[in-house]
Each structure stands twice: as C-alpha cells, then as structure tokens.
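Naming follows writing order (A, B, C, D, E and F), and every chain is counted from residue 1.
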Amino acid sequence: MEQSIPNQLPGTIKSITSDKVLSEVIVETSIGEIASIITTRSVQEMNLKPGDKVFALVKATNVSLRRA
Amino acid sequence: MEQSIPNQLPGTIKSITSDKVLSEVIVETSIGEIASIITTRSVQEMNLKPGDKVFALVKATNVSLRRA
Amino acid sequence: MEQSIPNQLPGTIKSITSDKVLSEVIVETSIGEIASIITTRSVQEMNLKPGDKVFALVKATNVSLRRA
Amino acid sequence: MEQSIPNQLPGTIKSITSDKVLSEVIVETSIGEIASIITTRSVQEMNLKPGDKVFALVKATNVSLRRA
Amino acid sequence: MEQSIPNQLPGTIKSITSDKVLSEVIVETSIGEIASIITTRSVQEMNLKPGDKVFALVKATNVSLRRA
Amino acid sequence: MEQSIPNQLPGTIKSITSDKVLSEVIVETSIGEIASIITTRSVQEMNLKPGDKVFALVKATNVSLRRA
C-alpha cells in the first residue's frame, strides 16, 4: 500500500458540473453513484471528463454510520 | 431525501476494533470493505456488532479522486 | 441512536445562497448562527427553504477547540 | 474576524477521556453537549481540564443538515 | 497553545478566486503553494487580499500520508 | 496530476505513536512538523517507520486560514 487512505472505490465519471472554484464529479460505481467535490483547478489539471476511470478516495475518519 | 449526505453505501459490519475513545468499524459492501472511524461511545449507544446492516455515510466534500 | 454523528444542533434555516455546485445554508439556533456548506443538489432534493426546521450535524472528529 | 472558521460555539468542558493518541472532550453548551476529538498532545499542551471555558470550532464545509 | 489545531503553516496570500459561496485562496509558503477553500463570506469579513500574511490551519485528523 | 489532492508536503517521519485503532505520525518538513492521524492498520500495511520519506496530503477544503 502506497497511501494511508484505505477506502478507494473504482468507478467511471458520469458527469461534471463546475463553478469557478469547485466542481461536482459524479462517479458511477457498482454500488451506486458517488458524489465528489474537488477544485475546478484539479478537474482541469487532471483533465477529467465523463467516461474516465477513477477511484473515489475517502479517509476512514470521514465515514459515519447509520443503521439500515 | 431527509439528509444532505449524498453518499450512503449499504453493507454489513464485519469487525469492530475499539480503543477507549475511537473504534474502527469494517463494513463489508458489494464494492469491497469500507473502513469507518467513529467514537466508541457511538458504537455503544448504537449497540453495533458484527452482522449488523448499516449505511456508510460520506459527505461529498470529503471524497477525492485519482486516476485508475 | 440511529446514527454515529453525535453532534446534532436544532435550528431554523435563515438564508440560502447558492452557486451551481454548492450552497451556504445559515441556520439560526439558540446558540447563534451555524453556517453549513452542502451541495446545491441536496438543497433541491431536500427542497430546503428559509423557515424550515433542521438539525446541523457535525462529526466529532471535525470539532476543534480553542480557549475562551 | 481573525480566522476563517465561522462556527464558534462557547461552552465549558464537562469531561475528557484519553487514549495515548486521541482524546474525546465533551463540551457543555447552551444548546447541549458537543463532542470533540482532538489529539491527546493538544489536550496536554493546552492544559485542558473539566471546568475550562472553550469554543468548539467547526469549519462550515463539515456541517451537514437533516430535516427535523 | 491557545487552539487544538496543531498544523499552522505561515505564508503569504498569492491569489483569491471567488464564487458567490466559496473562494480558493492560494497561500505561498516556504514549502510550496497551499490551496485553501473557505467561504467567500469569510474572505470578506477577514478582508483578505493578495500580499496578506496568514497561517494555513489543518486539523491532524485531516492529514493523510503517501510514500515519497 | 494523478490525484485531486492539491496539497502534498514532502518530509521525513520523525516519530509514530500508536493506539490499537489510530496512530499519530509526526512528519518533519522544511516548514516545521506536521501531525497526521491515520489508522494503525495503515501504518502497518504501509510499514511506516521513523526516517521514511513521505508526503503529507491535505484536501483543500480542509485548510482554514487565520491572520498572522
């Protein structure tokens, strides 16, 4: 393991909505859609677009639980 | 929708490891294991144990992306 | 307890300011105003508007302290 | 304003529970108890103890909402 | 220490890009540029502008690690 | 850029303090010490130890500012 972020969910970008500062990237995964907010600067520097394969990364301290 | 946390991943608790203050709960989902750090107080008040059905909740601002 | 987010502060929405991606919701509570940043998509799906009763949710790991 | 963290809730420390790395500090406020997880190192360097007056600080991007 | 946020990196504001709700502030430091997303309301209330001296604050629970 | 986390600070691990669930890793950098809280499981899987070269990663939405 190269990185301390344990949760890495594979998926495909479905859509990107951008303001000047932040963008919402919707990632389609086998467990449903994951919404990610990243800087529009990152969207541009990574050259992200619909159809790209990505991992959604989540630090374990940022995961809460509720009963199903 | 009753709550502003868009990412809610269904799964089953596989294991719980606890210190006095915080616990690591591993949730088995259809997309792989999700690690969650919550307070041991919450584990006790929710009476969580292996086998329980839960949703892992992640605020969209806490999701990063990397290229696959 | 149904959910592992221990801090739930009751209040009433005072105002909502929206960009395309994110919105700032100001919640009036008995201890003062609480600012919350959520996705504009959540504002729409929850149909939030001024005057609505809500809880502001904060994970314990996201609370810092400073001396008064 | 000297700092970009808009949510600052005044209260009094009710209890502190510590592991080696992290501590849970319960702050009694006029709106109820607020749980805060900070490093045990910070508890020691700030010399925090029950009865101390503090502010609980929460960045606006870390506040979610649910309907009451 | 007056505050439980251990990581405080000194620098100078290089640029500010604002939408209505959130702003990206780029801080030039001796270790490189640090990007910070804060509310546009905070930018205005703190009257931040390029050239101002600031500290970038990061809670320890929000720092991940990867191998160099 | 392969990843949407813009802030990546290079340094060397100075010390690691571990409970069962979480560990505090102190990283020495050219701008001072950075404290990082990651799971003890990650410390073990990455086989981290003092002297290792790492990057401290911080999502831009987790950086606050205060006036110097």
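Here is the rule we go by: contacts are C-beta pairs under 8 Å (C-beta built on N, C-alpha and C of every residue); 3 or more make two chains touch, one makes a residue touch a chain.
Keep in mind that this is a model prediction, so the values were computed, not measured.
The set of chains touching chain A and also touching chain F is given as B, E.
After Cα superposition, the angle needed to carry chain C onto chain F is 180 degrees, rounded to a multiple of 5.
On a Cα centroid basis, the chain most remote from chain C in this structure is F.
Ranking every chain by how far its Cα centroid lies from the centroid of chain B, the top place goes to E.
Between the CA-based centres of chain D and chain F the separation comes to 22 Å, rounded to the whole angstrom.
Averaging Cα coordinates per chain places chain B and chain E 29 Å apart.
Here the spacing of chain C and chain D, counted between their Cα centres, is 17 Å. With touch defined as above, residues shared between interfaces to two or more other chains in chain B number as follows: 2-6, 19, 22, 24, 35-39, 41-42, 46, 57, 59-62, 64-67. Those chain pairs judged to touch are A-B, A-C, A-E, A-F, B-C, B-D, B-F, C-D, C-E, D-E, D-F, E-F. Looking at the complex, you find that chain B touches chain D at residues 2-5, 19-22, 39, 41, 59, 61.
Taken in their complex, chain B has these residues touching chain C: 1-6, 36-39, 41-43, 45-46, 57, 60-61. Here chain A touches chain C in the complex through residues 17-19, 22-24, 35, 37, 61-62, 64-67, going by the rule given at the top.
Chain F contributes residues 5-10, 24-25, 27, 29-32, 34-38, 42, 46, 48, 52-68 to its touches with chain E in the complex.
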